[in-house]
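Please go over the structures that come below.
Okay, so chain A shows up in both of these, paired with chain B first and chain C after.
So, the complex of A and B:
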């Protein structure tokens, strides 16, 4: 554990907070350890700050595999449990085609064309059946 | 085979033919210049036809020198391929079928054959027969090379046209701010569906489109493969943050889809392109309002 922290933060994905939303920008390859760390960081930050939404910008990701698809689905499920909504923004056409060809249509995932559109989507009131379960708490 | 044992010596029929071709180069080219194949292609001057004939004779001599009279891939033919293609193309343009061009090429043999027989006067009949056989094999190979070249030209043309057709057949139209549409016309196969998917998704990014409409009014039949491609496109568009609407499903196609047991439940469908556009506009918050006094509303 201590060894992990003493290493330089190569591959660390920063989680930025913008008001009621957490913004994560993925660039290039996502390694197993980085993905694991990101999932942990995200859930801890949501639990601590009680934000209502997470935007994952993947416009910088050009190559995708089933692993990234699974990570995205897992993050979405995780944040849902913590009463926050996840929006994946800026997926490239080639990436979308690859995911569909792999059979990963990610049905439960919210998507948006750009980060801006994702912010707008999160600004709208929740209309899903789970709306009653949304947490009302002060940050 | 005695020929092979003696390969390299001037005694083999192949080498005899080679030496004959080199010796009689001028005469062969002159005679060929009178044949319809050369005469009609090189119309500017007879000298031009003679020069072209000489190039072909040189190529034949080179192939004979390499002892590869039966091999259309022999290095000697490389230089004349372009010229043969030009000649073939010129004859095709003149309205001749491939068979006719082929027989015109075959007509190149008799004049050379006559020259060869005259040239080998005094040799044994056995030897003469061997040499003429070699010569006809060599010219047969030339014919094959010419046909190969013509075929590859045609193949290239087909490939080019197929690409053009792909581009022409899948235009992406911007219907409104944030709404793009692809009217699909003709039969969908895997390659085309892939192309449609790519152009549509790229248009979604370029135009910042929130809605994409796939109009299949012009698609005559829908089978399970096409339906699968439609669903893939819809899923990919959704992953990118756009909503995909399929419109123009005709009654017969709707029946087929139901009969095939295909579940298009995840796909939003509308009867016509107008309905799909109306739906998208409504979702975007832009309602179409009739200004007539009696009826105001949106679709």
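So, the complex of A and C:
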């Protein structure tokens, strides 16, 4: 990991387009304002580009507090309204354990273990009954 | 033994940039004291919640970090967040999940309490808020150590 990533990310977060999907990679420690800006930028980018999915890679994120958790949930809700799906990928186990204890279970959020798995999830056809939180495959 | 350097600090909380420094300091101090990865993550997350409350609800303030030890020799990290803001009128309500006086989720205070070992709030309307939390390093027993 490069030195740069342990520093606060003050500017903007890079958003990469891969076919029908926007790939957002969050790294290091985000300012609140950076997270807010990302939230705004993403909606505009989705509306402009008409992509069907967003993958937010948080494997490089060391903590998710209630603020960042809320931003992620709001991004997912926004993209849903813009006819796109968001998958949060790569949450670290320590982050997941902490979020549950914090009381933030983020029920509306789709997750995948890796970015690749998130891409596969988005490549699958949308399940007819729209419900944000549940797993895409039925048991 | 651990040196106080790298753990002891007094940091201002006046902007969202300061929240970043608070998180980084708590991460570093917890690692120095020997907290495991999950416990580090819990402490940093609790600190982030409390520091944001200091900033947003308390109008700014500071965090003090200190290395504490039990008589039994267990190391702990104590974090004190203080502000001279409006104070918390109804503490029980503020601690309950889902209560927010602003646009938050209302998970911060109650959640932070669950993430640390000791938690104490000193607050009165008009006289600011001090939240003090401590977590202890739980080391797995290492019978061969020092033999």
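The definition used in the following text is that the second predicted complex is superposed on the first by the 118 of 139 C-alpha atoms of A that agree within 3 Å, B and C clash if a C-alpha of one lies under 4 Å from a C-alpha of the other, contacts with A are read in each partner's own complex, and residues count from 1 in each chain.
Methods note: contacts are C-beta pairs under 8 Å (C-beta built on N, C-alpha and C of every residue); 3 or more make two chains touch, one makes a residue touch a chain.
The structure presented is a predicted model; accordingly, all values stated were derived computationally and were not measured.
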Touched partner set for A:105, first chain B, second chain C, both or neither: first
First (chain B), second (chain C), both or neither touched by A:29: second
Partner chain(s) touched by A:49 [first = chain B, second = chain C, both, neither]: neither
A:114 touches, of chain B and chain C: first, second, both or neither? first
Which superposed partner A:67 touches (first chain B, second chain C, both, neither): second
Which superposed partner A:91 touches (first chain B, second chain C, both, neither): first
Chain A residues contacted in one complex by chain B, in the other by chain C: 92-93, 95, 97, 101
Residues of chain C touching chain A in the complex: 16-17, 19-20, 23-24, 27, 37-38, 40-42, 44-45, 48-49, 52, 97, 104-105, 107-108, 110-112, 114-115
Touch list for chain A against partner chain B, complex: 88-93, 95-97, 99-101, 105-107, 109, 111-114, 117-118
Complex contact set, residues of chain A against chain C: 8, 10, 29, 31-33, 62-67, 69-70, 92-95, 97-98, 101-104
Chain A contact footprint on chain B (complex, rising order): 197-198, 201-202, 204-205, 208-210, 232, 235-242, 266
